[in-house]
Each structure stands twice: as structure tokens, then as C-alpha cells.
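Presented sequentially are two complexes of chain A, the first with chain B as partner and the second with chain C.
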Partner chain A sequence: MTPGKVATGTGTAGTGTAGGRLLRLMPGLTLWLLAVPVLAGFAGTLAPAFGFDPLSGTGPGLAAFTTLAQWPGLRAAAWLSVTSGVGSTLLALLISLGVVATLIGRPGFATVQRLLSPLLSVPHAAAALGLAFLIAPSGWTARALSPWATGWMQPPDLLILNDPAGLALTLGLVAKETPFLLLMILAALPQTDARQRMTVAASLGYGRLAGFALTVLPALYAQLRLPVYAVLAYAMTAVEMAMILGPTLPPSLSVQVVTWATEPNLAHRGTAAAAALLQVVLVVGVLGLWRMGEMGVRRLVRHAARSGWRAARVDATLQPVLLGLALTPALALAAGLAGLSVWSVAGLWSFPDAWPEDLTLATWTRAAPGLWQASITSLTLALTATLAALVLALACLEAEHRFGLNPQAWVLWLLYLPLIVPQVAFLPGLQMLALSTGAIGGWAAVAAVHGVFVLPYVFLSVSAPYRAWDDRIAVQGAALGASAARVFWRLRLPMLLTPVLTAAAVGMAVSVGQYLPTLLIGGGRVETLTTEAVALSSGGNRRVIGAYALLQMALPAIAFGIALALPRLIYAKRRGMGVV
Partner chain B sequence: MPLTRRQFAALAGASLLTSHAMAQDVTQDWEAVAQAARGQTVYWHAWGGDPKINDFIAFIGDQAQARYGVTLKHVKLADTADAVARVLAERDAGQITGGAVDLIWINGDNFAAMKAQGLLHGPFAERLPNWPLVDILGKPATVTDFTLPTEGYESPWAMAQLVFEYDSARLPTPPADLAGLKAFILANPGRFTYPQPPDYLGVTFLKQVMYGVMADPAILQSPSDPAAYDAAIAPLWAFLDDIHPSLWRSAKAFPANEPALGQLLADAEIDIAFAFNPGRASAEIAAGTLPDTVRTFVLDGGTLGNASFVAIPFNAAHRAGALVIADLILDPAVQAHAQDPAVLGFQTVLNLAALTPDDRARFDALSLGVATLPPAELGPALLEPHASWVTRIAEDWVARYGTAQ
Partner chain C sequence: MTGLQLQKLEIRQGDRVLVSLDVEVAPGEVLTVMGASGSGKSTLLAAVIGTLPRDFTMTGQIVLNGVDVTALPTRARKMGILFQDDVLFPHLSVGGNLGFGLPARTRNRTERIDAGLEEMGLAGFAARDPATLSGGQRARVALLRALLANPEALLLDEPFSRLDTELREQIRTLVLTHARALSLPLVLVTHDAEDARAATGPVVTPLGQAVHL
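Our next item is the complex of A and B:
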């Protein structure tokens, strides 16, 4: 048995109280609450794919799959999804681990924590557009260098953006994924005794990076596994990033799903559903391959640990490289955002000017009024969905701990399904469920649907740190006379404040960013900041996009700021509670 | 048996009386509609990507509130298909009243799909009080949407005609016809492109080329003959094969849609763009997003024209209010406001000769905008081809050029 894991009570212990009985029911309740919408959504994807759609005109069968197979871009689109997904996740993981390994215990670490919050709050579409403006041949970099350095009076015809290999897309994905993984690592670090382990490794002569990789990483990765899977699933199914940065001939599979699903003549809804199923199969397959890769890496780490490889001299060369690699996407993201901000106040800005000809507040004055209501709606929806998801997740985890329950594999699949199935294929089924039960058009229905997408993220953010918490502390508490509930409220929860607040912040960011669910389930009655922003962004107007990006960032930035700053403030005087 | 004079007179008198009675019915009907609409909140689902259009819809809302006591809520969409999907889902779930969508800005394929599925309420357009002002004869696109007769299931609100935009500071003399455009493309590699089919504007460019290269474009008005299709369409592929190597990014990437194409022109990445709104360039110049040297041109022989419509779903919760809004959009004051280049630059659907002198004066007082061609110079509006042609060329384009080698 791994140290820190103590056998907790038997299945029936702790059910004496009413609260205990309620707690026992929570996993089942959560499962039901999640299963009904998720299965309805998935059924809504399966039905058109196999021809059970009144519009398909061909009746049940595999016609949709045949049409899909005949699409000439299928192989390239699937390959692009896989390469950009795996490549960006691998790079983001290496960069975030490298940054933590290099800066842990050093003053730079606090700076990293402070910078995370704004980087995490940039909406995906805005991040992609900012990056696009930065690297395009008519973008800011080219404008800053023209015509004095490059001699260009009009932009060159270079295929940098939308390149067929998907490099621009991978860069964009890395830029968004690295802060997220860093956040997850920071939430998981306190449960790994990182400082002590690094000290032991250093005293044995190991270099910093090797010490981290051999001592901290095994404990850390166990908590990081679920977030990494979520990042991998997102990278493979990203739509907005792929639309803006990715290749167009053919586009990635998820973009093609959206194109087919929104075709005006409704002819290819079956093909869209079939492609969505293919997407699910691809993601599952890649997750399986990643798992095998994990086992390979584990073997390597064990072998390195036993072989006495100190790697003390590698630090000097690798650390600057890793920091440089980390800085690039962060700077790119920040510069892209700065570019969009300038656009939001720009009048006419032609190539090759490095700065707008004149500045104007017209975009802001037009955008700001009337958004107050939308912001309040976004906030209340986010708070409700996140709070509900957090309560359910924590209750399930506590029940699992107290009654010795073991979630089965299919539970995890159910949880992950909303993340893996493309939303555009998942939502029609959900919409049908909502329409037939009459629970539609209202604020509550939208909050419930947001909850369906928020719960997986909240669960995966909080579950691993929760389970990794040292149970010996609970034993100590029990020995001092505390009941199970008291241990939870006075010991476990306060010590897990960082992961819980992180999970809440992630949940809020996810809820604020929901577009299709709010539009389809709300029927246009529920107006949030994101529904306004996405609709306006479809016009490609950089000024409007810039203004809305900054507005959309506000809520998640506050949430992430609280998640990162509050634990430090509360536990400023408790050294053992520091992240390091 | 032929009618006697007396029978004929009786019949003529009766029909005159009934039409007068029917006209009165419509007026009385309309009063009932306006009465029912008072206090309603109409949800108009319309594309929200252009702030100028959003402001115009807000203006209509103010007018509706002031004149009819109807509140208008603009549900901003990124894609009309979202509203269509909503109505479809409601129909499948059996919700035949109290639908979430009251009014949709729609045309072309979306309209054809909704009409075929029986998702629209109607006919209603011809019973609107302002309908007699619509220029049905001079602008046939107001009653025929992509060769499909509207039959009153949608009401027009703006005319559109394809115009090409260019920056006169970079390109002093634009091409005059399709052959000239091809020569320009070949002489200036990387300075022209079109949105990626099956996007609506991209397919429009293909249709425009078809009109220019086909031996007998008249066959486009009838359904495509599968046997003769390949031979008929071959000149289009020959044209594209010739120009693709000289396109922007060598045809290895295409802009996604109309706004993206406009952005390329604003960024000076291309020299010639095109759009469906003849007043778009002037409106953008007035808004300060395009340099004031941008001008427009059309091709000799005419360019494609169509109209934008609004339609009412069969299960709209606020049908009376929607009808009021549809009628208000046809009001001359509102149409003139839309045509103002400082507002939108949308061309009116109304017959100026049928307006009162005051209303006529509103239109005459409008400046065209520095980049807009006067109606006389716009050239003939070519009719949209039959839908069967369009579906096939969109699919064939994807098959031929959809994967960059």
C-alpha cells in the first residue's frame, strides 16, 4: 500500500446520521443527474449517424458512413486532428513540467503564478485571432518590420497562417494549454511533498531537472493524468482554434463536422454525426496510445532511477531552453491580446503602418451599454453551475472516501463523454430532451446544461488532489475525537483550498465560455456575454472582437485570480500550506 | 357556353365588390393584427456579425415600440442554421405553438430547406399593407428566391447585387469583364481569391464565372441535365485550373466567408474583393475601417443579384408582432434609413415610382456614398441558377480542390 493511504471505514460506517445517509446517495444521484443528459446527447449523435433521422431521406443504414468515407479529405483531416492534438499536448506538458522543475523554490515561481490568471482567461477564439494577427503576413510583426526592414509595401504571399501541416494551430493550442496544465500542476503540487523530495534528490547529487523527473513527477503525474486527458481531448476536438489558425484544405475533422452540421440544406446532418462518432473513436484511440506511452515513460523513469544517472550538468543547457520555450507561447498570447486591444480602439489601420492612423472609442461606446445585463446573466449562470458541480463532485469524493466505494471505469467514460463528443453533434439530442420535457427557454434549463459541461472539468480538477491528500491527518483528527464530518470541514477542505478554488475557477471559465448550449437550450431568451461575442465575432471585425475579448476575460480572470491568490493570503503564516 | 353581356357585367361587378371587400378585409385584418401585436415581444433571429446591421435592427425596434407598442429583441446568431435547427427540433418534439423563434432573416438555401420541411408560416407577405410598394416587376428577385418562388412565405427587405471592390490607390484601372479579371489574376499572382465553397459567397463567384464562360448561360435557369452536365460545366473547371496557381496563397488556403474576404482587402493582402452589398464599401469607409480610395465595379454583362428576406416560423409565439415587424421593414422611412451609406447602404426593395412625393424625396436626398455605383451603372442583375446546378458545382468543387495536394 502506498504511504499516506490508510484503509478507511467499511461500507456502512458513518451512515448512522441523516447527513451520512444523504452522502451515501450522492454518487448515485450525481450519476443519474449526469447520465440522463449525457446519454440523451449521445443518442442524439448516434441516431442521425445511423440514418434514424426524418431528414436523411434514406432510412436506417450506413449511408452516412459511406458518404463520410467518400470525402476525399477524410484521411488528412483525421491525421491533422491526431498530430496537432498529440503534438500540442506533449509540448505543453513538457513545457509546464519544465517550468515547474526549473522555478520551484525560486522567486520566479510566484511571478509565474501571478501571470497565469490573465493567460487562462483569454477566450479561445480571441486567443486564436490575436495569434493570427501576430503571425499573418499582414499582421503586427510584419507591420512593425515593414517597410524599413523588409521592404514590403504590401504583404507577401506566404502560407504561414492556415499552413497545411497545422503548425500555426499547434502553436495556438500550446499557448492555451500550457497555462491550464500549469494551473493543474500548482493545484496538485502540495500533495506531493515536492520540496522535501527535491531536497533529498539534490543532496544525493542529482541535477534539478533529473531530481524533479525522478522524485516528484511520479507522484505528480498520478494527479495530472485526468487533466492531461482532458487537454488531449480538447486539442483534438478544438473548433474555433482550428477554424482560425488551422488548414482549410481540408480543415480538421471537428471543423468539418460543424460545416456539415450547419449546412443550410440540412442534407449532411447524418454525415456530421458519423464524423462526430469517428472523432470520438479517434480520441479514444489516441488516449489509449497515450496510456501506453505513459507506461513506457514510467519504465524509463524507473530504469533511470536505478541506474544512478545524475544528469547534473544537463541543467545548465536545458533550463534556459525550457524557459525560453515556455516564454514563447506566453509572449505570443500576450502580444496577440495586446494587438486585439489596440484594434479595439483603432480607427483606420492599414498595412504597413505599425500603429493605427487614429484612435477612437467608438467600438467601446457601442459595445459597452446593454452588456451589463448579459454580464450579470453570465455571472449568475456560472456561479450556479459551478457551485452545483462543486457540491456534487466533493460529495461524491467524500462518499467514495468514507464508504470505500470504487468508481467503475464506465463512470469515468460517462464523465468524459461531454468533453470528447463535438458539441455541435452532442447538443441536438440534448435539445430534444429539453424540448420534450418542456424544460427549455428558461434560465434554469441553461444553468442545468452548463452544469453538464462544467461537472467533468470540476471533477477532474479536484478529484486527484482530493484522493492524494494524506489520510494520516484524518486518522490524527479521529484520534483527537473529531467525527468524519468534522474532519471533512475542518481538515480536508481547508487543506485542499487551492484545488477546490482552482476547480471552481475552471468551472466558471468553462460556463462563461459556453455558446451553443446557451443558444440552443435557451432558445435565444438567455443572452450572455459569450452569445453576444460569438455572434459579433462571426463578422470578423477585429475591433469588435478585441473589445469583446477584453470584456469576456474579466469574469474568468477574477475567478482565477482568487483561486491563485486567496490560499496564499489565508495561509500566509502557515509554511506547510505553501505551494513552495 | 359563352357568357351573355348581362352575366359578364354581373360577374365583373361582383368581383370588383369582392376585391374591394377583400381589400377592406385586409385593412380590417391588419387592424386586428396590430391590435394583437401591441405589447408583444418579438424575437428576431438574425446574423449578428455586423455592428451596423445590429444598430439598424435596434432602430427598427425603436420604431416598432413608438408606432405599434411592439418590443423587438434581436437574437444575434453566428449562423442562420442555428435558428433553423431550433425550429426543426421544436417541430420534431411536437411543439407546434409557442416557438422560440418569431422572425428569421433568411434567404436562399435556408429558405428552401425550411419551406420544403413545412417549417414556415404563410403565405403572409402579400397581405402586408406595404406590399404594394415592393418593386415586384423591376426587381424579380423580391418574389423569386434562388429560382424558388417565395409564394408569400417570406417578405423581402434588402436588394443585393454582387459588386467587386478594389483600392484605387493600388489598382488604378480595374478589369471590365471576366476575361479581364483572369488577365489581372495571372499578371498579379497572390492578389485575388474567393471564399471557400460551399460558402455562399464562394459559390456565388463560381456561378458568376459560369455566366461568363458558358456558351449558353440560359440553360442555368432549368434543372441540370445529368447527361450533358459534365460537358456544360467543363469551361468552369478549365477557368479555375488556369487561375488557381496565381491565386492568393496559390489556392492552398481560402478565406472562410464574406467577412474574411473583406478583411483581406482591408489588410492589403488582396487587391480585389467582392460582396453582395453595393453599399458595403461606402459604409465601411464611413465607419473608418477601409481607406477612402476604395471603389466598386461590376463586370460587363451583369452580376448576380438576389434579395434578403424575413420569414416567420410555423410555430412562432408572437406571430402578430412578427407580421408588424415585417411590414415595418417595408416602410419607406425605414427603407430609406437602410439605404443611407452612413447607416448600412442596403439597396431598397421598394418601387420608387410608387411612393408618395415625400417618401420619394427621402430617397433622392440620400447621397450614394463615395464608393457606390449609381443604379444605372450597376448593370443588369443576373438571375440565380437553378438549385440543382448549385448543389452539384459545390460538391464537385470540394471533390476537385478540397484537398491541397
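Our next item is the complex of A and C:
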């Protein structure tokens, strides 16, 4: 730096020190750590589709695609991926936007905000198992209605669960994706001055929903696009939810990919790769169609805005419908999870009784060794992946702050890469890589792959509060002689305790819920609560399933509890921290 | 050479000159920079404290007690700053805030903090939560925190403009008295003529023109 030409971000930059130089490298390093596994795994997944397979020794060719095309379930499986994916994303988006439009500036808003974290922290597998217990022919709903309303004395032979149209699967996806989209909307809302726009629209005579759609939505959706794409890609390729709630003959395409990829004799690896490629093409195609849909809706919104239609009377009819749509999956999820807990302590419980004859801890006692083992594995994996992700995320953000970096838009896309690229499209390739390097089945390899999925969520969760932190505090600290490191450790980190702990809890929830990465990279040898719960789900021992699913929910819930309680405890006497 | 010198200091944003000053502030003297908002007042302070954003270009030197601090980071400049708000750290007690300002090698830290609080009329406040203090009390803690860091100059960014008139006068007198007693050169940035009059030093615009009150 030449005298007379100063260009420091905050004047606190530790550019000269070794620590400062290391910090400067972190954003680049982090992006590599995210992108390399996804891209390498993707390449590794696709190679066998074209016959490049070191393990089977076949030459290049398109035989895998021929085999895939001859699979009789192909059309149904592919179509199911599209319908359940698009259907659930549309519904979840509609519900979350409707809820926000209805509640902005009303007292219910805070309630929804408080309910979000617990709903979000429920792992996909636990949610699916809960729903399955609720809607199965022998589930709680049927029991509650039998025999007085239905006359059933035996569970009916109905395909309510695993229905061929994938309605149960869609319901499950909506229940899980709506809270995520709601969270993303709430995070983006402050940057749209929604309340002012809604007030202006209302003063011009617009109804609540119309005011929201015409004045807030255009600004909001620009920031919502990536999360929506992630939800769409996830919903189209969900594995564990589709295994539990989806149809079986044929299953959804992603489930079939996993079945082929995990066959012990490796004979179908080529077919699995071809199917994974088809899955990617489907996702890309649907994302393209969705993008065109976005443009269509935008034109529609602009046209509606110019037309001056106030739609004031629409509110009265539409708001109850939206409320019902929002409550159905939420209540179903809550009832399902309650059902899991009851089953885990149920003694004799025969159909059509709505309540077990007696409650007992026998299931828990009997399953205790396995439950304990799986909990410890889940917990240590989650702690390791979350801690690593948190360190990387904070290092990136601190580097951004100290060196005045301005992240470009493509960085955000890269961050979303592991969320948008279907898991079935890159995990089988990573599995091959792990196999050939001998890392497979290792605890460290599983923790690392968990980290790839945990990092984006941790980063997205902590970055907004980190960047919103009052910069004058850093200047004040520096003016008092504190180094950049001291400002970080003594001022910034303690002041951001709540968001940092919340991000950690989000990371724990994401890691605990991971099914496919654990299964594939763990080579079946790393048994977590999630892999065990899903493995048990086909067996039908509801009591044990209930116990595993309950613990699977409990770990993230405890993490969120700590994130909520610890700042209150530490800052009980600091009113300025806003936690008490 | 003692005091604070801004030597041919010029700050531009693109083609626009925001600051052009060539002045000297003697120990115990106050330089007041006045101007409407957007006139470059805060840009000047950012440059002096060392937090000028990258899209500004600066030429000239900032010299404090014979040391050219132009290229030094904020923490090494030995300049205290008091912002419009007191910017007390909300997660630390009053004593914790003051301890943060006190240099690390200082002995008898607790005694120093308690003595400082007593001098400010805040005896026994060390364990208090800053959020429970009145505006005037918070301002005094902020001043004490800045002084405990042993600064060689003090910068005031429209200080205490959130306080009501009477309290503001009181705090202003307190700051000026302490700064003079410690022979600190002082730069006051304000849009308030009352502040400028009370400071009794030269008053200029960010572009160096004298202001007649």
C-alpha cells in the first residue's frame, strides 16, 4: 500500500499477517470444497452410463440406455418424478406465499415464525414415517373412523399409502417444503419493504392478496428463485420420502436409481447411471419449463397491475382456502409425529382401537443398544460436519468483511449447487470414488459428504445476520486499539451468538436427516438413526420405527432448544442483546 | 511536531472532490468541520480514522504527533472516535466496555475503571447493563471508554446529536474539558452551529472554506 492511497475495507484488515493471508484464501477454498465433490461425483456417476466402468471392464457404448429403455416401469417412474415434484413445489409455494400475504402486519405472523424452526428441524424420513402411520389403512385416521363410520374391523385393502399417483408422496413433500420456503420468504421480506408497499396498495383500494401479488411478489420472487429451484429439484428426486410414501411398482425414478446403484453385484451400475442422467435431464427440463412459467406469471402480474383490478372481494373467499391448505399438511405432520411417539410406547394395540391398551417402555428398553449406537453416530457426524461448516462459513464472511470482497451472483449459484444437483446424480459417482480410494465405509468420509450438504444451509442461515451487523462497532473497536482478530472474537462473535447457534442447529438438523449420502458413502456400514429408520420402514415393526424416528427428531430439536436457551442464559442481564 | 496535521488532504469520488483540506490542529485545539449532509463530512472522518471505502481515492498525508499515520490501520492510529450514537457494546457490562478500551498491559484494571467511573459521576456502575443507562450516562461511558485507550487525538462525529439540548450541552462541555485537559487535538464534525460555537476553534467546510457563524 502506498502512502496517500488508502483502500482498506474497514481499516482493520490483517493483510500482512499469516492469519490474514490464510483468511483471504478461505472463500475460494470453500467454493472448491463444495464444487469439487459435486462435479467429480457427477462425472463419476455419468461415466458408467456410456460404458466407461473400470470395475466391470466394459468398453464405451450405449448399452446402458438400451437396458434402461427396456425397463417396463420407466415411463411411470419418470412421470411420477415430474408430477410429484412440480405438484408439491407449486402447492408449497402457493401455501407459503398465501400465508405470508395473509399474515403480514398481523399478530399471527410471529406465531408462524416461532413454529417454523421446529417444523423445519423434522428430518424428511421422520416426517414421512409419521405421515405413513397416519394415513395407512391401519393408521390413526382409519382407526379414528372405525368401526363407527367405516364399519371396518380389519384394515381395509386400500392403496392409500404408496398410491400409484404419488398423492401421499406429494402431501409429504408439501409438509416438508412449505416451512423451508416460508423461512426463505421471511428472510427475503425485509429487503422488499413489504409492509409499506402493502399499505400503499391498500390505501389505493387493493385487496390484501392482490396488493401482495402485485406490489411485493415481483421483488420477493427475485430473491426466492434459487430456494424454489432447490425445492423443485429436491422434490423431483427425493429418495427417502419416496421410499416410504411413494408408489412401489414402479417406484419413483430416483428410488429405482438407488436400488440399481446399491445392488451388490454391480451388474446394474450402468443402468443406474443412465437413469441418473435421465433424472438430471428431467430436472433441467422441468427447471426450464418453470422458468418459462415464471416469465408468463410476470407478464400476467404486470398486465393485472395495469388493468387496475382491485380484487378486494377475492380475499374473503381465498383466505380461508389458503388457511385450510396451509393447515392440512401442518396438522397431518403434527398428528403423524404424535402417532410415532405413541407407537414407540404402545403395548398391545389392535385394529380398530384408536389408543393402545397399555403404554410400556419395553420397545425402548429392547432397542436401547441399537438406538444408543445410532444416536452416537448421528450426533458425532452432525457435530463434526456442522463445526467444519460453521468455521468455513464464518471464515468466508470474515474474509468478505475484512478485505471488502463483493461476492458475485455466481457464487450464490455455486453455493446452491449441492442443493440443486440431484443427489442421485452425483452420490453414486462419489461412492465409486470412495470405493476406489478405500475411503468407503469410513466415518470421516461420511462426515465430509455430510459437510457438503450442511455448508450451504449453515452459510445461508448465518450470512444475513453477519452482514447486517453494525459496522460501526468494528470501527469503534479498532479505534480503541483492538486488532481485527480481537474485534471478531470479542465483539462480533459474542454479539452474533444467537444467529451462529441457530445456524449450527440448522446444520445439525440437515446432517441428522441425511439418508442417501450416509447410505452410499457409508457403504451400509455407518448406521445412523436415519438409515436405520428408513431400513426398518419396510419391515413394519411400528414400535421400533417410532422409537428411531422419534430420536431422529429429538436430536435437531435439542439443538434448536440449545440455540434458543443459551443466549438467554448468557445474556440474561444484557437487555441490549434483545434475547430477554 | 505535535498535534494533528491534514497535509494537502484531498478525497475524490470519481471526478467529484469531496474533501480538500490543508490544516493543522494543535494539542487541545478543536477543528470544526461543518456542512450539510452529503457534503463529505463523514468521508473526511472515515479517511482520518482509516475506514475510507474503496471507491474513494485519497491523496495527501495525515500526520499525528509527527508520525505519518496515512497508511496505518485504524487500530494503530491512536485516535479515539465518538459516534452520533454511543455504540456501547451491548453484550458487555459497563465495566466490560471500559476494559475493552483499556490497553492490555495496563495494571490495576479494576481500580482504573472504578476511578474513571467515579470521575464521570458514575461510581459503582461497572457491573451495570449498558441498556439500563440513560442517554447521558451512556454518553459518558462512551467518552470514558475512548479516553481509557490513551488516544492521541479525538474525533467527534456529530456526537450526542440524539440527546436533548440541555443534556447535549452538558456532555459537550465534558468532552471539550477532558480533551483540553489531556491536550488532545480534536476534530468535530457537525451540522449544528451551536456545537461549532461551543468548540471555539476554527470552523471550515470539508472543502476548506472558512465558515463565519
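By our rule, the second predicted complex is superposed on the first by the 355 of 580 C-alpha atoms of A that agree within 3 Å, B and C clash if a C-alpha of one lies under 4 Å from a C-alpha of the other, contacts with A are read in each partner's own complex, and residues count from 1 in each chain.
The rule is simple: a residue touches a chain if its C-beta (ideal position, glycine included) is under 8 Å from a C-beta of that chain, and two chains touch if they have at least 3 such contacts.
Just so it is clear, the model here is predicted, and its values are computed rather than measured.
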Partner chain in contact with A:243 - chain B first, chain C second, else both or neither: first
Contacts of A:262 with chain B and chain C, given as first, second, both or neither: first
Contacts of A:477 with chain B and chain C, given as first, second, both or neither: second
Touching partner for A:105 - first (chain B), second (chain C), both, neither: neither
Which of chain B and chain C A:524 touches, first, second, both or neither: first
Partner chain in contact with A:293 - chain B first, chain C second, else both or neither: neither
Which of chain B and chain C A:19 touches, first, second, both or neither: neither
Per-residue touch tally on chain A - higher for chain B or for chain C: B
Contacting residues of chain C [partner chain A, same complex]: 47, 49-54, 57-61, 68, 70-71, 73-81, 83, 85, 87-93, 100-101, 103, 129-132, 145-146, 149, 151, 155
Chain B residues within the chain A interface of the complex: 43, 45, 47-51, 54-55, 73, 75-86, 88-90, 92-95, 100-101, 108-110, 112-113, 117, 170, 189-190, 196, 198, 248-250, 252-254, 256-257, 259-260, 262-263, 266-269, 288-291, 391, 398-399, 401-404
Chain C-touching residues of chain A, taken from the complex the two chains share: 1-13, 404, 470, 472-473, 475-484, 490-491, 494-495, 497, 571, 573-577
Complex contact set, residues of chain A against chain B: 54-55, 72-73, 76, 136-138, 154-155, 157, 159, 161-164, 243, 247-250, 259, 261-266, 347-348, 350-351, 358, 360, 362-363, 366, 428, 431-432, 435-436, 440-441, 515-516, 519-520, 523-525, 527, 531-532, 534-544
